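Written below as structure tokens is the structure these notes are about.
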Amino acid sequence: MTIIGIADTTFARFDMGAAAYDELIQHTSAKIIRVTVPGIKDLPVACKKLIEENNCDIVMALGMPGGKKQDKICAHEASQGIITAQLMTNKHIIEVFVHEDEANDEKTLAYLMNKRARDHAKNVIDMLFNPEKMKNNAGTGKREGFEDAGPVRL
Amino acid sequence: MTIIGIADTTFARFDMGAAAYDELIQHTSAKIIRVTVPGIKDLPVACKKLIEENNCDIVMALGMPGGKKQDKICAHEASQGIITAQLMTNKHIIEVFVHEDEANDEKTLAYLMNKRARDHAKNVIDMLFNPEKMKNNAGTGKREGFEDAGPVRL
Amino acid sequence: MTIIGIADTTFARFDMGAAAYDELIQHTSAKIIRVTVPGIKDLPVACKKLIEENNCDIVMALGMPGGKKQDKICAHEASQGIITAQLMTNKHIIEVFVHEDEANDEKTLAYLMNKRARDHAKNVIDMLFNPEKMKNNAGTGKREGFEDAGPVRL
Amino acid sequence: MTIIGIADTTFARFDMGAAAYDELIQHTSAKIIRVTVPGIKDLPVACKKLIEENNCDIVMALGMPGGKKQDKICAHEASQGIITAQLMTNKHIIEVFVHEDEANDEKTLAYLMNKRARDHAKNVIDMLFNPEKMKNNAGTGKREGFEDAGPVRL
Amino acid sequence: MTIIGIADTTFARFDMGAAAYDELIQHTSAKIIRVTVPGIKDLPVACKKLIEENNCDIVMALGMPGGKKQDKICAHEASQGIITAQLMTNKHIIEVFVHEDEANDEKTLAYLMNKRARDHAKNVIDMLFNPEKMKNNAGTGKREGFEDAGPVRL
């Protein structure tokens, strides 16, 4: 039985984990396990524990780095840790980060956090159950949360 | 029996380890083990030793990076090491850093170092004994040391 | 039997994986395995899985980092992960990244993504089957996608 | 029997290893093993070899990064490696770096390199033989090479 | 029997591997194994393979990062990987990088690439066969490729 992990934070200003969960259950009957940690730098080991202690096949790591310079450094550290966690487990951890300064107002921020969590939940479904669809979309300029950029042509 | 580790530094200008200790003992009878190292770059292995040699279930890594550019790089290196230490042990290490330039005067700096250490001590308690409370706070814009940012809405 | 892996992304705006595949099959009858992931930060573990779970002898990791500052950080994180994946497996993973801002217009971007993927596919062939040719080209200022820079002389 | 390692470089412009050695032997009869490498980026593995091949209980890694931008990057790389080496061995490696641009003239540079090496040698002694003294100095704003910053108060 | 590895790139604009080889054979009868890869980011695993698959006791990693901002990031990634490869193998990998913008013209660039490769080849000889000479030069301000900076005095 497939198990999907969701790790998110109390720091984020929108419940991205709930959005991801809501999207996932519309497409799969896989078991879903959620855990919440304080901030994004706590996500790498939380995801690794979901994989190694809870047998998750794939994990979504959701977070909202703040807009200040120091927050960008934290996001970088978290991302490196998430990549290392994947290399140590041979499992995908889909990072779903929305930087607070990607949106100009709170409503747009909430929209973007909700949309990107859901778009990446669909990626998780395709990676697990429909890898051919992923291959068919190779190089087509897909985006999560925003409009697709689309392909360029020779 | 639960064991909580506290690692801090002689470089910091406020005894964050004592603040964390004082907060922890108000909420738990878990065993607490303290160690002090010179600076924040000595924290990653100190935390890993607390986990592997002293059997700590979770560790708080407390430090005060200076305000200069080189200090910021040291903080980044320490943070990466703390994340790696977690991935090598599958245990959480809660990083509690207050950058010296987060406060404009010494009294505010002391206030912030004390408050953030205590707020994160409460996170440690919840992560150990009340993970459901953490989940309920997912995406609500919690902050440590400062006022909560609060959630944004669709 | 030699197995070559190709990992690319849905984020990229040109099907670099198809270009690499097309070039490879002109020079080798090796088995080729393709996988597509959402973005470049998903490439490190995808490549490691191709090596460890699909027995690839070498992998091409193809991607198109965006032109914004945050995209550059993502590219850096992906590159570090790709290097770590190689060190964990003792196999080469040839990174083929075209930064979106390397080209001034979409047609040039497509040209560059196609050309660099093909040039590096030839490198992969030489690394696998003709290492002496690689040695003969040591220090000669080869470039992929662009004109060669050529050697400098004493 | 306690063994202390000292690793330093030919790049540095003052014999920090000799200063550390001279200070150590005034406080301990522990065995001391020295090794010298070309530059700071050679220090991480030199320290790890001192620990794993020469059974050192703790190592001092002494170096003088140059003042140029590229030198700062080298220092960062060396520091990350030193932290990783500690995590791989569960032993402390005390990094003693003096950046060439911390001093305005050569005499001050020599003073600082000598003083910081000696101050950190004393830290090594306390970490090995007097950890309670380290704990008593937690959060007191100690500095090595410079005047102590001292504590801040609520 | 001592085995020395040499890894270099087709990207570099001067055959640093040949210069290193030529210098090494003037001072030792050790076996020398050469491998050439496309760029500097391919060096870390190439060096690790030389150590683990070809039993090299030490490796020289020679490369010429370009002068653009992105090239500097690649150099940083390669350097981190080279340090990690050393930590995974407990063998020294002497990084010999000449940044293209260290020289103002092509002739000086060639001079510097040749000279630094040869100077570091001498370091490799001393590290292998004459570690006491390295210790005697500790803190004396040695440089490779350029004039020595020399020591500073108290």
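As written, the chains take the letters A, B, C, D and E, and residue 1 is the first residue of each chain.
Simple rule for what comes next: a residue touches a chain if its C-beta (ideal position, glycine included) is under 8 Å from a C-beta of that chain, and two chains touch if they have at least 3 such contacts.
Keep in mind the model is a prediction, meaning the values are calculated, not measured.
Each step here moves to a touching chain, and the least such steps from chain B to chain D number 1.
Its C-alpha atoms superposed on chain D, chain C is turned by 145 degrees; the angle is given in steps of 5. Chain D has its Cα centroid 40 Å from the Cα centroid of chain A.
One inter-chain figure worth recording: chain C and chain E are separated by 25 Å, centre to centre, where each centre is the mean of the chain's CA atoms.
Shown for chain E are the residues that touch two or more other chains, namely 80, 84. Chain contacts in this assembly form a single closed ring in which each chain touches exactly two others. In this entry the chains close into one ring whose order, counted from chain C toward chain E, is C, E, D, B, A.
Those residues of chain B that touch chain D in the complex are listed here as 8-18, 34-38, 41-42, 44-46, 48-49, 52-53, 70, 73-74, 77-78, 80-81, 84-85, 88, 106-107, 109-111, 113-114. Here chain C touches chain E in the complex through residues 72, 75-76, 79-80, 82-84, 86-87, 90-95, 99, 120, 123, 127, 131, 134-135, 137-144, 149-154, going by the rule given at the top.
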